[in-house]
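Pasting the structures here.
Heads up, the next two complexes both have chain A, just with different partners, chain B and then chain C.
Up next is the complex of A and B:
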């Protein structure tokens, strides 16, 4: 019920957004973002990837995290479920993380700590805080709610559109606006530059590598840079597979306590 | 009504270890030119893709030195609250869907009466019996309920000495040899845990921390010896939970049949402490609210050895209620608040039966807790403060801590356990002489 309501609200706000934007170009901008969002975060009905993240601080010290990621779409462009099972380093092995993503509203998040057998619910909090200590934010991984910003096309060439995104609620985010470059052919983002109130770029996301997997253009390597202090993180995906037929029933407490091995293994 | 104020702190059992998502692990390598080189992953781990590779066993180990000192003159003669060297070795592997986990702790403990200790932190097999039923068999750590350092419906063993001395939060939960059956269904989940041999808490018993006798003005180091229930199959502990999640709201119902997990009764025949029988019935709810997570939990503890409440040597039945709220106030800064109320039942009967020279708990006892967590330096530096305060008793337990994760190998933790109150008959006040400061250094292999 709730999720339909959210979908409805999202749909209505999308309409409102379109209605509020008299210029056809802005309506085009929203369409581009919508299509890009579907291509980037919703490919296939579900998916699995092995991920590893290289985290480099401003002193150049490296950290590495490795995890398996399962995703299932409940509604294309709408609610999604994510399950992350950490495998490295060894002291966080089998730590797991479950997210019920509700675009336009607070996500539900749980963290399971195997050493304590503790299933902790995490407050929805700020989606723009560091993901496991990296320069990526939670919403860089799960996708930012496309209705949180308004968009305009500021530039385009043969290869890409560049859109300016301005937050509807500026107090909720650390940026004033960002420029996102979207590949016209794949609809995947190429880069996003985040500007502060002095119009200076201080943060950059860049796609380093993409691949065509089962017909879906897929980002397989992405970098998040803090341009102020030079720290950065690289997220790399391997063994990406789509359309696995992941059941709803694995996105639950059981899988947090005992990872669903059958679905985590590459076939 | 129990007269044993000295171990009354058992009622605020608690725990849930305000864990933020601080899976903040650094590795050791220094990157000379981070953006260059053929493959930045070249020196990283081999892939682990959950398949039976040539070496299917996952190994792990760490070594930790911990030192803690009392801040005040303590009845403990050597002045240390913690002086130990812990080594943990772990191995796990799959056979098909079956999973084995083994973690062995080898501890040299200079404070405990037994200085060399070998113990299995984990030694269990986890198997799916059917698509919807799972069994975990063996030595395991178990936790449920919604409280943070407060347990109303979780009677799995806790190690209070570990909590008071500043060992890793993980060690507040002690393992037990149990069988856990879990049933998962779209309608509800059910868990049944049977611990065939009674497993008490590791309670405050005198060798590490002094405690107060009910009628004494001085804390004592006298070892608190208690008679365990006889080893009989009927003397096991049975714990059950039904749980359900619907529209972001989690509901659970709990049942426990066994014993109090601390020796809070006295056998008048031999004047020895023992564990009296207990049934508990409870329920909890946890849901998102006001930008955070709210929880409420209820429990009815039925003291089966004193159902009328007239026996001064056994605890009365109680009702316990917990309200909690946690919210991120700012980026990486989290606040948690809890209110626990405990109502002693059959209070009039208890009061009339209570010998005059012995103190009596208040009918209502309240405890407030506050947790502040802050993560800084890319989540490598973790600040935390946990506080218990009782508005009716006016006693306090402060637990500040700062942990630094230098890299994948080294981590450092500095913390305090500070107790204060008006007298030795209070839950936290009795431990005032045990206030301590500790430092732990861990090396992970």
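Up next is the complex of A and C:
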């Protein structure tokens, strides 16, 4: 379940409208991305995890965000639902996000702020905004539009493929392209390097730890680094469980105000 | 000692030349080790509390010194908001990001700003203000409407009149700013023609550019002054060979002193870059006295060595006195707690010593090594008849009579000038602004004026508040710990003992804990988190409300164009969370609401912007001040007004208030400078007065010697007071020069008077004799120095102009007051002053000359 955190991959995700006439190479690249996306973001029919996000700024000051994450697949490789409920810092406890992810079109996103008793829709426009103040982008969490990039294999060895992803609409993103390394065995990503227009790497996502959970290879710890100023965030997932049988009914606005306690705690 | 040294110089002129040359060579070898420090911040010692705090605050809030680039479009109907102008802005921003030394993530520009607004369905939306330049003028106008709604950006990024946009480029260090300035200029250079004007300013640019231009001036103004002095001396002494001597003395003095300074590892600071300019006149003065005397007495066929020896003998005493007093004047700068001023004072003092030694060794050695033919040619050119008959000589001959007949009027005038000066000094405006060190038409000054007309201000200062040590309440934690297993308890104790921020330590513990222990650590961390709720002061409405009041009070001082703070950010987010309804432009009403509004803001493109206003523990917050003037006076006025306001509106319990920022730092070092200079001036005045009394062995003569100096200093500062010119860094430092130089003529005059009195025995003859060669030497000196430094007036840097103006004033005033006031007073008091001398001529010991 946690794997959906690995955005980039989901970005490259399945059910893509493949290019009109892809070269064999591109077709292979796309296939890898699709398989990786399924392994990373769609494991099980649903899932839950307790997330702890460590945020370290360029001065080395640390903050923590702690939240519970529920995910439900509507269609394997297609639509998904997420519910995310904060428990720390204590003054944002019970702040929650609801996302209806629609690969290929705009997601629906809601935000509930208990301190203001305010339920607010969030614009789906730009997904490369910070995820709650961390060095992760929203897109790293919810998934990048699969129409956005083209892919090619630039390198492969025994362990992994390295794909180059180039955005189709460069003006919408801050990178020129990125390189993603995918583990041949688990199909999970290993790292992604983002390059600027001077071909310099300025941002890196890397998987720090994986685990085999209920038979699914799962990313349980990953890091997002800003290489320009040295700030970084680490997202760690604990108590990952798949196949909980989460009902559709908890992924709605009411759950934002009244979190479904039953489904939040580990059994 | 003196005789032996001089004898040796006469006997071995070649060795004197060699020794001097060797010293110069040694000094020159040091020159490549030169390091430069143009940062006026270094006027304060590194460990000065104001500087330590300034650095601490910069670090705490990630604040940097900024280069400010402004684009102004006065012609377009939509002002700066047109597609072409904004394209240029975006282009420059892009170029700035690629420059070395620029802190990319903190660059502030329209093209790098995030907009918070309402989406089409009333959702909250964060989108780049101007990810790509607007395609047409309508799109540009849309940006104008957005900016108007964002108080943090309006009148900071775009001026209120919409004619100007600004780019704030934070830099890693101030000494990078001149290079970045030049790079920006070349980017602008390559832009297509248009209606826009471009301006670059900001204190870092001004300070760094000043350093660069200062070195140019060292290479232009100082040699130009040297040349002019050379030409003037040539006019008076009509002998290239003779005049070369003081030039050599001056050059050697400057080279040896600067070499010693560089060799000892002192960086060349704004202050020490002036050492050559200070030393040159001082070095020239002694040798001009010698030359003048020699020149007046030399006739073809005379024994040049004998005459040179006589001249040196006669002048040794006054030259020693003047050198020592000047040295004391400059050495007294060591009492100021300003490192560059101390270096400056010490090395000028050293240089004066060097100049004195060279004058009494090198000059006579040089003269005696000149051929008789050369000297004879000089004598023929100068003396057409027996007595000198230049206009200067003729004018001076009028003075004995004049100073006698009008003695009371002259004394009255002197007293009047003192009174006038006192009033003027009371009117002195103590003020400085490194921007004003450039002359008014300098591009940086123009940029400063233009941008501060359009914007709320380009000068930054920061007012920060920080919480004192928290009183933590850990009752919940205690309960959890009591229930926790033994190993958790002992681990917690270890963590607590080894950590000064237990909350941060627990984050690591949580991240690294085993699954089994995790719940305990989660609970402990949460308990501490909750206990800290009350400690997160700047989430609480009471504290935020106080910040809001402070911001209002700051604006009410009238010197601050704009303030930016956490309050503005929170109000904006709160408004947009409530559908953009302006009635919600207010602070959230609980700390939870505040924290959640900030969490929402952190889902933008620039989440880190929050931490420029508040620390992540919410225990410290800073308000950014934009001042449209960098004058210390204006900053001081703000400080005073706010001190009063804080007295009446004390902060909620437990808050400390701190000022920082470059504009504030300038006030801090100026205060050190003004009080330091005043102190050193007063102390050296007293020391010099005592020295005069001891050297002349007479309280009366000592006091008379102090008169021209007192009049010169007070009149100069009185005139500064009346003229409205600011008492700034250069003016403060020049007090030492004034003191050191204006005593010179008085010493020469009195020394010669007393020597002549031994000879003639009556004042009226002495008076007449005084205005022959001694008077000529003094006036020639005054003219050479006063005119010689006029090239400084053409320098584009104001401190250099000030030095030029000062030198001229010092020379003119102290020359006139020495030549008129001293004889007038002697005329009045001559019975009293000379009574013991005429009675017991041999009791004077040292001061007796054959």
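The rule is short, and it goes like this: the second predicted complex is superposed on the first by the 245 of 267 C-alpha atoms of A that agree within 3 Å, B and C clash if a C-alpha of one lies under 4 Å from a C-alpha of the other, contacts with A are read in each partner's own complex, and residues count from 1 in each chain.
In this section, a residue touches a chain if its C-beta (ideal position, glycine included) is under 8 Å from a C-beta of that chain, and two chains touch if they have at least 3 such contacts.
All figures in this text were calculated on a predicted structure; none of them were measured in a lab.
Colleague: Putting chain B and chain C on the same copy of chain A, do they fit or clash?
Modeller: clash
Colleague: In the overlaid three-chain picture, which partner chain does A:206 touch, first (chain B) or second (chain C), both, or neither?
Modeller: Neither chain B nor chain C is touched by A:206.
Colleague: Touching A:198 in the superposition: chain B (first), chain C (second), both, neither?
Modeller: So A:198 only meets chain C here.
Colleague: First (chain B), second (chain C), both or neither: which does A:262 touch?
Modeller: A:262: touches chain B, not chain C.
Colleague: Which partner does A:111 reach: the first (chain B), the second (chain C), both, or neither?
Modeller: After superposition on chain A, A:111 lies in contact with both partners, chain B and chain C.
Colleague: Please work out whether A:171 is in contact with chain B alone, chain C alone, both, or neither, and reply first, second, both or neither.
Modeller: So A:171 only meets chain C here.
Colleague: For A:252, using the defined touch cut-off, is the partner it touches chain B, chain C, both, or neither? Pick first, second, both or neither.
Modeller: first
Colleague: In the three-chain superposition, say which chain, chain B or chain C, touches more residues of chain A.
Modeller: If we count touched residues of chain A for both partners, the winner is B.
Colleague: Between chain B and chain C, whom does A:228 touch in the aligned arrangement: first, second, both, or neither?
Modeller: The answer is second: A:228 touches chain C but not chain B.
Colleague: Kindly classify A:34 by the partners it touches after superposition: chain B alone (first), chain C alone (second), both, or neither?
Modeller: So A:34 meets neither chain B nor chain C here.
Colleague: After superposing on chain A, check 1-9, 37-45 or 235-243 and name the one in chain B that bumps into chain C.
Modeller: 37-45
Colleague: Which parts of chain A are touched by chain B and by chain C alike?
Modeller: On chain A, the residues that contact chain B in one structure and chain C in the other are 52, 54, 57, 59, 61-64, 66, 87-92, 95, 111, 113, 115-116, 118, 120-123, 125-126, 128-130, 132-134, 231, 234, 236, 238-239.
Colleague: Could you list, by residue number, the parts of chain A that touch chain C in their complex?
Modeller: 52, 54, 57-59, 61-64, 66, 87-92, 95, 111, 113-116, 118, 120-123, 125-126, 128-134, 138, 171-172, 198, 226, 228-229, 231, 234, 236, 238-239
Colleague: What residues on chain A touch chain B, complex-wise?
Modeller: 1-2, 50, 52, 54-57, 59-66, 68, 86-93, 95, 97, 100, 106, 108, 111, 113, 115-126, 128-130, 132-134, 231-232, 234, 236, 238-239, 249, 252-254, 257-259, 261-262, 264-266
Colleague: Under the definition above, what is the set of chain B residues touching chain A in their complex?
Modeller: 16-17, 19-27, 29-32, 34, 40-41, 44-45, 47-51, 58-60, 62, 94, 97, 99, 126, 128, 134, 140-144, 169-170, 172-173, 182, 184, 186, 189, 243, 245, 247-248, 250, 286, 288, 291-293, 326-328, 331-332, 334, 378-380, 407-408, 444
Colleague: How about chain C: which of its residues touch chain A in the complex?
Modeller: 59, 62, 98, 103-105, 119, 121-128, 131-132, 504, 507-508, 510-511, 515, 518, 522, 525-526, 529-530, 533, 536, 539, 574, 577-578, 588, 590-597, 599-600, 602-608, 610-611, 615-616
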